[in-house]
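I am attaching a structure below and will ask some questions about it afterwards.
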Amino acid sequence: MARLLDVKEYKVYYQTLKGQIRAVDGVNFFVNADEVFGVAGESGCGKSTLGNSLIYLKAPMRYAGGNVILDGMEISRLPDEIMKKMRFEKISIIPQFAMDAMSPTKKIKNIVVDLVREHDKKMSEKDIIDLAIKRFKMVGLSENVMNMYSIELSGGMKQRVVMVISTLLNPRLLIADEITSALDVSSQKFSVEMLDEFKEKKFVSSVIFITHDISVLYQIADRIMIMYAGHVVEIGNTEDIVSKPLHPYTKLLISSLPKMGVQFSQNRLTGIPGYPPNLLNPPTGCRFYDRCPLRIDPQKCKNEIPPLVEYMPGRYIACWAYTKGNDKNG
Amino acid sequence: MKKYLTRKIIIYLITFFIAASLDWAIPRLMPGNPVSLIVSRFAQASSGSASQASLVTKQMFDYFMQAFQLNIPWWEQYALFWRNIFTGNLGISMYLYPEPVINIILSAVPYDILFLLPSILLSFWVGNRIGAWAARSKKADNILLPTFYILTSVPYFWLGILLVWIFGTLLRVLPMSGAFSYSMTPSFTFAFIFDYLKHWILPFLSLFIVSLGGWAIGMRNMIIYELESNYSRYMGSLGASQRLIRKYSYRNAILPQVTGLALQLGTIVAGAITTEIVFSYPGIGYILFEGIMNKDYPLIQGCFLFIIVGVLLANFVIDILYMFIDPRVRIAYTEG
Amino acid sequence: MKLSERLKRWDVLYFFLTNNKFKIGIGILLFFILLSVIGPFFVRYTPYEYAGAQASPPTFDHPLGTSPFGYDLYSQLIVALDGTWLVGLIGGGVATMIGLLIGFFAGYKGGFWDELLMMLTNILLVIPTIALLVIIASFLNSRSVVLESVIIGLTGWPWVARAVRAQTLSLKSREFVNLSKISGAGTLKIIMEDIAPNMLSYVFMVFILQFGGSILAIVGLSFIGLGPTNSVSLGGILQDSVLWNALILGYWWWMIPPGIVITFMVASLYFINMAMDEAFNPRLRST
């Protein structure tokens, strides 16, 4: 399968007075064309940082290394002028803060027209508005929304408006950051269905679906990546990750969830004792060491970062228990 | 919309009521009898033979007992005070006797409008623009921001003194005082307007430059906050240019600035009063000063009322304007 | 948690010591403090004493020159400086105290009290302070520096109340206050242990602004002839200079130095405030 996005040893730090916060610290993964790639992990593990930095790396974020290849093109250090063209047209985002992603003093219509015009000067205002109205109707919004201000919309409506705006130029890759978290169960379901429909209709090709609630991913994701404290710990098909988690963190994560079938639960990933490490001065070895029940080789686990290896075809794990020579835990 | 206006009007009426009542109450709350105080201080101030002074003193005492109506119960005094306000009777000036206070003040109002309106509006506009610019360029900001802070620290009138000294005394290119030359009579001729502008420019600059600093600081900080906001980040994520993002943040940052304009009016008025004194510019500030120097209490109280009314009216205008520029207010009051 | 809090403190301190605005602000302020401490040793005349040469530009004998009545302007300036500090301290202090109490109470209690107090605050905010000051001062027979400072403080608190209320609301909504509520702590305990410490730096900044504002207020008031009746003031010196035609006669030494002193005294306070602002809101930093 063709890879749409390939991320290698990618690092993004936050520059603060106290020092660097290593929020994304050497992650490796790829996203295939035409798939939904789920990203899960506890709050603060760097999911949003990863998503935001892929499209718009803005201070206090700082690029600290690695490669991001989108559609065969290295984009991690593109000059802003060129990257600007890629945004919205090739890669787009529904940010975690969708609730206040729109200026309160502008009508939705103006926001839509202004944003599209930045990319396509030739497109007439009417065409832009018509296109937007068509999409709004698809997500169950009336065309009146165009003349409203974001403050007049409910949370669910804002979420849908942002979903429509972000996909208006049919980007290849859409990053959807916690689009279900602020919603009630039925709106969550609706959002997920809409995303599916947009994919069906080819408005977007692939989606990176970020959530702290792994149960949402059963529904929608083809593959799942689990992050912990700025590192990738495991990647695999949704089936495999859910039914046969391998990494000790993933195991705890899955077992702390309610039984399968109880989907869209409000359950948070809090079932694991202890706290994630401080990303200002992260531990030198495995970042899960402190909370890990396994610690297959305590000396090594504490001092050396486990690499992400392909343990089985399509199954990637970063744990000393699954690297060659330590393979006792199959 | 109606609800918003009604609410505002009620608040301003209450404010006016309180302010006017203070105008009435403060002289009466001060230690001693205000009339004796006025008369004794006037006697100190005026020179002349003792017998003449005592005669004047006696007449003045009678006049003020009459004016303050201290011999009737306080609630009747208070009612009378309000009746006088509504009939436009603010008493008689002592220093320009027997000119009614209201006439003196009304003759000064046009000068104030032509002096205050342009300096306030222009400094607001230019200050916001420069502030937005400072927020954009780190290099400019390092020089501009401290400059703005120094500007807001200058007493308005002292900048006026400085300007007169430079342009009037040293360079001799601009007149030092008054609203127009003695030889002129106000008319719509080119010569007069030119002469008027020549007198107007320095007072204008004093007010303009000092207030500019405050607006620039406010705008600079607001824009920085707005550029960090989520909608700015979202626009950037969708490839919007810095130009468009700045346009959006300016649109939002101007709102608190407009509120600030209403709140700053009092400070600006204070600055205008002192500036008028430096330039002997015949507005209400200068009249107030003459009133203070000559212990003309009816004139002082009249100026107080007029300044309050002016500031309240301006606040009201700003409130109406605000309703048009902030959709949140509009929506809150049309739907809620 | 504790450690990171402490780290944050040091962080701020470090920021101050390396921040140019802070250094400049403190530097100017210290200069003026030094001037009022050491300056009096070189004062050889009382403010309204005939000192010799009339309307003399600065000389060795009269470092800031003399007025047309032969008053030594250096002596006047130094004496006026003391009064200026006093006004800033008392005026700023009174305004901060009242504003703190009212703003905090309104923000913390909310509901009816909040509505009532904020309406009062907003009403007083709209009434121009100068007008109130004029009407009060002009009916006072004798005005001491202290009295005028208190009056200035009494008219300046609404600004503080608004700011403090907003700050209280934002602190109130934070997690830790909820925690103390759950744990059954009383109102006073919550105030003392949770809110007050967080508020302290903020209040100090407000005080600095009020300090500067009070100085500007007394200067304006003195300039229109309603300053302290029993002592020299910077605004009073300037008023004298304008009334006695220093402008036309070009006596620059009479009107320039007091203005410079006022401007830089107030500006130094604003600089310190600006540096603190940047320390606590890193977004505002320009470098």
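Labels A, B and C are assigned to the chains in the order they are written; within every chain, residues are numbered from 1.
One rule holds for everything that comes next: contacts are C-beta pairs under 8 Å (C-beta built on N, C-alpha and C of every residue); 3 or more make two chains touch, one makes a residue touch a chain.
A quick note: this is a predicted structure, and the numbers were derived from the prediction, not measured.
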item	value
Chain at the geometric heart of the assembly (C-alpha centres)	C
Chain located farthest away, centre of subunit A as origin (C-alpha)	B
For subunit A paired with subunit C, centre-to-centre distance based on mean C-alpha positions, whole Å	51
Gap in Å, rounded to a whole number, between the CA centres of subunit B and subunit A	55
Geometric centre distance via CA averages, subunit C-subunit B, whole Å	21
Residues of subunit B that touch subunit A when the two form their complex	229-231, 233-241, 244, 248, 251-252, 255, 325-328, 331, 335
Residue ranges of subunit C in contact with subunit B within the complex	21, 24, 119, 122-123, 125-132, 134-136, 138-141, 212, 216-217, 219-220, 223-226, 235, 238, 241-242, 247-248, 250, 252, 255-256, 258-259, 262-267, 270-271, 274, 283-284, 286-287
Subunit B - residues contacting subunit C, complex	11-12, 14-15, 18-19, 22-23, 26-27, 30-32, 34, 37, 41, 138, 141-142, 145-146, 149-150, 152-158, 161-162, 164-165, 168-170, 176, 221, 224-225, 228, 262-263, 265-267, 269-271, 273-274, 277-278, 288-289, 292-293, 297, 300-301, 303-304, 307-308, 311-312, 315
Of subunit A, residues touching subunit B in the complex	52, 55-56, 58, 83-89, 92-93, 95, 97, 100-106, 114-115, 118-119, 149, 151-152, 162, 165-166
